[in-house]
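Across the two complexes that follow, chain A remains constant while its partner is chain B and subsequently chain C.
Entry: the complex of A and B
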């Protein structure tokens, strides 16, 4: 079930939380939703799930507008909210049965669905405990189980791995990737490596507006105007290296050597034969090239550039 | 099998939460203790049932289980008048704001249910719990009374007791709705609880004191100079002001239902009293006498519910 957001806006009094946001998510795609705190991620997700009303614009889920068919569309959406609020006095199974009943799952099907979710989210050992007695990781699994209990076509996950240990994070990511093969998933997170590991596409929002939309690779290409690599050359005087390196075709800038590592930073035109030229230079001068490390623009740097500047 | 309607899903869940909660257990224990205490006192002071039908309250022997007292402990109806509001406030003071503070309101509202199902479900669940509690308590008291006294209630007595129980549920429903209204208006459960208790204390204790103080200051002349019409009007006015307190409405209505000889709730002139046959009234007539009190209680309950419904539906919920 595709999701299409068209010029979505939301204001709280004088404050604009979401400002003319438009994007699409296709079935089978996992969209990573990034942004600093207060950027409008959760507000956008709440409007998609129908929790809060839309200000301006529209949200179309499977071609149907949330404005007209909110009640019906909620049956196709599974939502894991930020902070994962749960009824702590309820046992896990009772809670999942309650959620299944609210979602309109047929009475006869509820036990089977609950057991299926318990299995899928590895809650078997904890299913009879009260939710308040569970660790954070298990509570997150309960939240995820609740979001999927009615087998929705769309999953909206607001920071699903918050507070989990590394093993649990890997498990949840694996589960999300598995789910993302057939469902439409929008995943909001602050953990940038998680976005790269889990998502097919990244959307960065800042101050209510989209500032970037693309795959991790395309965002890197857009952000990186230069190819950067680090080299370490031995048996070569620094002054001769400093004179020779800028002369290599394609090299635009040379800096170094770093006093701690002894490495030189070389910036070159993307796609140029700068590395080949470096290799031939070292051979010609009888210098020993011991390290050649390409530097990728980090997603964190892209995020900071887009949201702080 | 068709799925259960989401409204009844919420009702089931809320009823289960109430019954499993410690505060309900404590309050239930308190109510049971006080009611059985008053029942014990009533049984000790009831005396022997009349041999024949008789007149006056003696012929409605069974009703004295709920009204008799020797002064050491208040009667059953007085205890209900006092503890009923507490029960309503306990069940409703954190109905909405606790969901908001936990963040679960967010979760519930994203389910495919109408927004008002939550509020209506909470009210219905609490009301059902109160109704089951009061009816169980009433039938328990009747059963114990039947065993101890050995005299079964007549049909008239039975229906009067049922009417009293329904009225008690309605009375608690008013306080339940008021506390739900406060739980919608105030973010903190402590604030809504304190406000509800403050309103209860004011209306139950301080308001009658204030009215009587003002009434005493404005009392007309007495003795030889007294004008009967002025005195009559004065008494009516004081009573009408007192009836702004729900506890007064409840007290008037229950006393009339459980004491069939009561023919009026206000002052009577000599002309009205002379020639009156001192027979107990049928149930219908008793209800007719307290119909203004009943409608007043119903109106107050509906008003509180309407206000809380309006507030909740228009509330912008931001976590």
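Entry: the complex of A and C
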């Protein structure tokens, strides 16, 4: 089931939480929904799941409007809300059975579904414990299990890995990737390596508006106004280097040397022969070039650039 | 309808898991038993095979207990955020409210079921008017339904269970006492209006053994108003 979001807006009193957002997610795609806190991620997700009403615009899930068919569409959506609220006093098994029954899973299929979710989420050892007694990682698995208990075509996960330790994060990511293969998944987070590890596509939202949309690769390319590399030059006085480096064709900025590593940071026009120029310069001056490290623009930098102004 | 039952079942189970059900049963049976058989104008003092003293005690104990049962129904879900999970499942707001109502009502019904030993005992030792007893129980069930309706509404407007408890008690107090007092203060049309709003009057007329359609309409309207208002306060998240 594809999700299409058309010109979606939502206002809380005077504040605009989501502002004319449009995007599309195709079946089998895992979309990473990125943005600083309060950017409108959760609001958008709540509207998709039908928990809160749509302000303006529309959301189409499998061609059907959430405005008109929210009730019917709920069956096809699995949702893990932020903070993963669960009934603490219920045992895991009972809770999953309860969720399955509510989602309209046929009575005869419920034990099989519950069993398979317990196996897939590795909850077997904890299945008779009360949810309140579980550690955060296991609670998160219960949250995922309840979201997927009815094998929904659409999966909406609001910050599924907050508060987990690195091992658990990797585990949950694997689970999402595995279970999300044939589903349409929207996953929100503000942990950047997470989207790279899990998602096929990234959508960055800030102050209710989409500021970037694409794969991690294409975002990098877009953001890469500059090629950056670090170099270490030995047998050369710093002041001479500082004079000579900016003269290389293509180089736009030079800073350094870094006191700890002795490296110079050079910014250059992408695709320019700056690195060749540097090599020839060193040869000509009998300086020794011991290090030349190209710096990949980090997703963090892209994120900061897009969301800070 | 099936979803309503699924929700009601879970809710009922959680009453028993959290001890609320046991405390409520023990207190209710303790109070009503004490005042029916042992103290005050109890059966032996009156000397008649009549359950009137039980019904008047239950009338008051339920008035206090029901807000305590209903206070957590929606307020707790709001506080912990589970309401979001529940309402994004394939259920309507109405089914959620109905399921919770049903659970609370069943709990009261279970409590009343335990008191059936009273009329059975009485029927064995004296000449009990069975019709009146049935009407008395029907009256208690209808009254409970009305207060549960009010309680669910009170629980739907807040995330704080104490607030839910107190506002349910406050609203119920009007029906339980204040309208009756007001009706005796006013004559003419206002007096009649207050009189017809008083829950005690309708309860008395039923427990006397006469089930009148106006009484039933009265109780059902309170239930309906409570449930619809509760549903509306859930629905409100769509508007603002």
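The definition used in the following text is that the second predicted complex is superposed on the first by the 308 of 309 C-alpha atoms of A that agree within 3 Å, B and C clash if a C-alpha of one lies under 4 Å from a C-alpha of the other, contacts with A are read in each partner's own complex, and residues count from 1 in each chain.
Just so we're on the same page, a contact is a pair of C-beta atoms (placed from the backbone, for glycine too) under 8 Å apart; a residue touches a chain by one contact, two chains touch by 3 or more.
This structure is a prediction, so every number in the text was calculated from the model and none was measured.
A.B. asks: For the overlay on chain A, clash or fit between chain B and chain C?
C.D. replies: Result for chain B and chain C: clash.
A.B. asks: If we overlay the two complexes on their shared chain A, which of chain B and chain C does A:108 touch? Say first, second, both or neither.
C.D. replies: Once the two structures are laid over each other on A, A:108 reaches chain B alone.
A.B. asks: According to the stated criteria, A:10 is in contact with first (chain B), second (chain C), both, or neither; which is it?
C.D. replies: neither
A.B. asks: After the superposition on A, what does A:74 contact: first (chain B), second (chain C), both or neither?
C.D. replies: In the superposition, A:74 touches chain B and chain C alike.
A.B. asks: Which one hits chain C, of these parts of chain B: 225-233, 261-269 or 297-305?
C.D. replies: 297-305
A.B. asks: Counting contacts the way the document defines them, which residues of chain A are shared by the two interfaces, the one with chain B and the one with chain C?
C.D. replies: 12, 46, 49-52, 71, 74-75, 77, 79, 81, 83, 85-89, 98-99, 101-104, 146.
A.B. asks: Using the touch definition up top, name the residues of chain A that touch chain B in the complex.
C.D. replies: Listed in rising order, the residues of chain A that touch chain B are 12, 46, 49-52, 71-72, 74-75, 77, 79, 81-83, 85-89, 98-99, 101-108, 146.
A.B. asks: For chain A, which residues are in contact with chain C within the complex?
C.D. replies: 12-13, 46, 49-53, 71, 74-75, 77, 79, 81, 83, 85-90, 94, 98-99, 101-104, 146, 150
A.B. asks: Could you please specify the touching residues of chain C with respect to chain A in the complex?
C.D. replies: 2-3, 6-7, 10, 13-14, 17-18, 80-82, 84-92, 237-240
A.B. asks: Please output the residues of chain B touching chain A within their complex, sorted ascending.
C.D. replies: On the chain B side, the touching residues are 1-4, 6, 9-10, 13, 17, 20-21, 102-104, 106-114, 316-319.
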